[in-house]
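Each in structure tokens, the structures are laid out below.
Here subunit A shows up in two complexes: once beside subunit B, once beside subunit C.
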Partner chain A sequence: MKLKPIIINTFIESVRDRILIILIVLGLLLMASAKIIQPLALGEESKIIKDLGLSAINLVSVLIAIFVGGRLIYKEIEKRTIYIVLSKPVRRWEFILGKFFGLLLVLFVSLLILAIGFFIVLLLTNIRADFTLLLPLLLLIFQLAIITALAIFFSTFVTPIGASIFTFILYFVGHLTRDLKAFAAMVKNPVITFIANLFYYLLPNLANFNIKGMVVHNVPIPPSVLLLTILYGILYSAGLLFLSVLFFQRKDL
Partner chain B sequence: MTAIKIENLTRDYKVGFGGFKKVRALDNLNLEIFPGEIFGFLGPNGSGKTTTIKLILGLIKPTKGKITVLGKNPSDTAIKRRIGYLPESPYFYDYLTAYEFLSFCAEVLNAKENKIDELLQLVDMKEARDVQLKNFSRGMLQRIGVAQALLGDPELIILDEPMGGLDPIGRKEVRDIIVNLRKEGKTIFFSSHILSDAEMICDRVGILVKGKLLKVGRTAQILSEEIESIEITAKNISQNQEEELSRISSRILKSDNKVMFIVSTPEERDKVIKYIIATGGEIISVVPRRKTLEEYFMSFVR
Partner chain C sequence: MRKVSLTLLGVITIILWLFSITRLQLILDKKRKKPLRELLVEELAYFPSGKFLKPMVIEYENLAADLVWLRAIQYYGHHLMTDRRYTWLGHIFSILTQLDPKFIGAYRFGGMTLAWDAGEPEEAINLLRRGMRFNPLRWELPFDIAFIYYMISRDYEKAGDYFYIASKMPETWGISHRWAAFSYGRTEKRREFGKILFQDLYESTKNPEMKRIARRGLKFIKREEDMEYLQKGIDNYYQKYKKYPADLKELLASGFIDSIPKEPTGGFYTITFDQEGKAKVSYSQPRRR
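Right, the complex of A and B next:
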């Protein structure tokens, strides 16, 4: 198994890339802006600042997954670094999984930095932080796993820009699939119902991962929902990675 | 056993919209590379050299034909530990330092870390050990490329244009490295469009043009087959003698009191020499002009 060197290599290569640092700084600045809007919040400041912080972390980490992830495989092909790697005793599936976990590691570390920034902001604004604030971040990791797998999946057969655009579209659509289900139940035509249902099950359901609102408004979240969502994230990512490897095995480099 | 055995290898690329059109990059190639030799795979740009190398490494699959590398199929990951490969004009990870990159390669190859400094020394890159690769010049990257190809102490070394991007000193160093590798018993297969390099170090060469192998053989043999002309230089040659000799030789050049007769066959050479001696002339030198590989190669390309 040659996963570890590829994971570490992907991690170092991504961490030293300027785009990552820019995005993280952007996220930290967004959260810091909470201090400015605090006087305007009129008693709702706790909810607004928590919401702002979690949204900033969400936005930045999704952008990292889409932009860094979209370039991940293609850059290797374009710059021919992949020839170096695959001419050595590395299997193609090891390469794909190494890239995936490498980027996931980058995302995890970015998330950690952003989360620390978030808790510092909460401290500075005298807002009581509790453990439930970590739950949306926990689910975010699994949502990011799906997005990373999507970006890798697309980048095995389209250009980096194409992969980033497709991933972004699916991320967007992934938050609306519930409407698709509702639509399927509403329509009378069985063919359309079937198609709508098919897409509902095929497309990633990302809305389930978004529990930020519930946490901010102190709505309790049953553990079974959390576990099922995590399980869904793992299975959906695994499926995408399986397809990526399938495509990549046949690919002419 | 052969190091590389290529049988009836053909490779087509799909081109254009929908990939309906096909371009044949490699046409029925048959080639054997023997252990311990330096083989120069020569041809102009776009002749199919890199395609052949990618097929040998299993990076792409053949349309037709068969390749055996070190007795195995190229798709066998295990044999890759025994192969070192330098791609054409290599680019590596921008943000890694030379040492980090090589230690990544070492880990993948299960090679010893202490080999890295030894190789950095060999390719004269010790100073640049901790510099990020994005700051490297083309020639420096080429040197790092050579280092990573040798890292796993491979028995078969495949180099795609190893002298590309190097200055004359760098090229000499790479030539020396290749010759030393042969001394260690390694097999070296390298592609080049720079023929003088190949001419100096290759045991055998193959000439590939437009996907077809036109010629393969010992470098010296290919050269000796092709004596282009013989130059006979003499002095004390009178006008009469010269007129007489102009009937045999194809060209006559004069400078000061010396005259050079250029003939194309050994028979003509003998006639010219006999006549000069018989009529009191003095022979200064007789030099066979061989086609250089370059000229040889160009005669095929045209």
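Right, the complex of A and C next:
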């Protein structure tokens, strides 16, 4: 298994990426703005600061996954470094998995930095930091796994910009499939219903991973729902990685 | 030398650029006839409902609701200090709560400002009722509806119903029971419900002061029942003899009542006559030591 060196290499390479640093700083600044909002919130500062912190972490992590992930494979091809890697006893699936876990490690570290920033903001604003606030971040990791797998999947056959755009579209649509299904049910047209169902079940249902509001409002989340959502994230990412490997195997390099 | 002058030129260009965009923005702001806070609210008017806005903000609906909340506060504060006209207030809170249906603070603030400041109690009640649909276990929402019915609409029956609902919610404010009883006290159902509510209050609280209030409430209802019973006896006596009994003992002897009940607060019942000579039951309270 040559996974470890690829993971470490992907991690080091991505950490050097300026876009990563810019996005993390942006996220931290966004969370720090809570201090300005606090006096304007009229008794709702706890909710607003938690919403702001969790949303900032979410948005920044998703952007990192989309922009850094979209360039991951294509950059190797463009710089021709892939030929050096593949000339060594590294199988193509190992390369894809290494890239995936390398980027996931980057995302995990970024998320950790942002989460520490978030808890510092809570401390500075005298808002009780609850253990449950970690739950949306836990699910975010699995949402990021899907987005990273999507970015890598597109990265195997389109340009970095194309991969980022497609991933972003699927991220957006992935949060809308529930609405699409609900709207289709209202229209009562069998063709529209069929298409909406196709979208709902085949496209990643990313709304499953959004529990930020529930946690902020102290709505209890059954552990079974959390576990099944995590399982969904693992299964969906695994499928996408499998497809990525298939595409990458056929690629003429 | 050439490098220094190029850097200087760069710095001057950036300063000029910053100055010109700031200046241009100031001119644009002046050209607008309405203040920025009004424009921010009017932007929301383009969305007929938060339902359409929600899909556009995908998983950031709570954050979007928070931004609308900040705009709502600014809008309310500005009109409170100026013309006291709140044309868009209902619309803003409707969008806000559709984005985040669990935002209790928004329902409560929206409900109170709509009812009191905007003079729209019906709109306020609709907003709070919608809140109840999404938050069926939050006592604050039926409590606020009841409060509006009681204080503004003067619909005591409905006020009582909503106070009663609030009193049954988890972690409810103890006062909900009392308010339900007070509200029903103005309707025909008052004793029936009042007794249940005060009994519930007595059993549900460990607070001795609350228990005292509940006991007192039950005694007041008992006294009203006693007085109604005695008055009925007097009226029946009058119908038969075309005169009133001189006292309660005479009424008891006539057989129109079975017994003279004990006044529950330690006093006693008596018959008094008004200026027209009509007999009425009244009570005397025990002397305070």
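To be clear about the criterion, the second predicted complex is superposed on the first by the 243 of 253 C-alpha atoms of A that agree within 3 Å, B and C clash if a C-alpha of one lies under 4 Å from a C-alpha of the other, contacts with A are read in each partner's own complex, and residues count from 1 in each chain.
In this text, a residue touches a chain if its C-beta (ideal position, glycine included) is under 8 Å from a C-beta of that chain, and two chains touch if they have at least 3 such contacts.
This structure is a prediction, so every number in the text was calculated from the model and none was measured.
In the model built by aligning both structures on subunit A, subunit B fits alongside subunit C without clashing.
In the superposed model, A:V219 makes contact with subunit C only, not with subunit B. Legend: residue contacts after superposition of the two complexes on their common chain; A:R91 is shown touching subunit B, with no touch to subunit C.
Once chain A of one complex is fitted onto chain A of the other, the partner contacts of A:N197 are absent, as it touches neither subunit B nor subunit C. In the superposed model, A:L206 lies in contact with subunit C only, and not with subunit B.
With chain A used as the common frame, the shortest Cα distance separating subunit B from subunit C works out to 23 Å.
Overlap of the subunit B and subunit C interfaces on subunit A: none, as no residue is touched by both. Considering their complex, residues 37, 40-44, 47-48, 51-52, 55, 58-59, 172, 175-176, 179, 206-207, 209-210, 212-213, 216-217, 219 of subunit A touch subunit C. For subunit A in complex with subunit B, the residues that touch the partner chain are 2, 4-6, 8-9, 12-13, 16-17, 79-81, 83-91, 252-253.
By the touch criterion given at the top, residues 54-55, 58-63, 65-66, 69-70, 73-74, 100, 102-103, 105-106, 109 of subunit C touch subunit A in their complex.
Interface of subunit B with subunit A (complex): residues 54, 57, 59-61, 77-78, 80-81, 83, 85, 87, 90-96, 100, 104-105, 107-110, 132, 148, 152.
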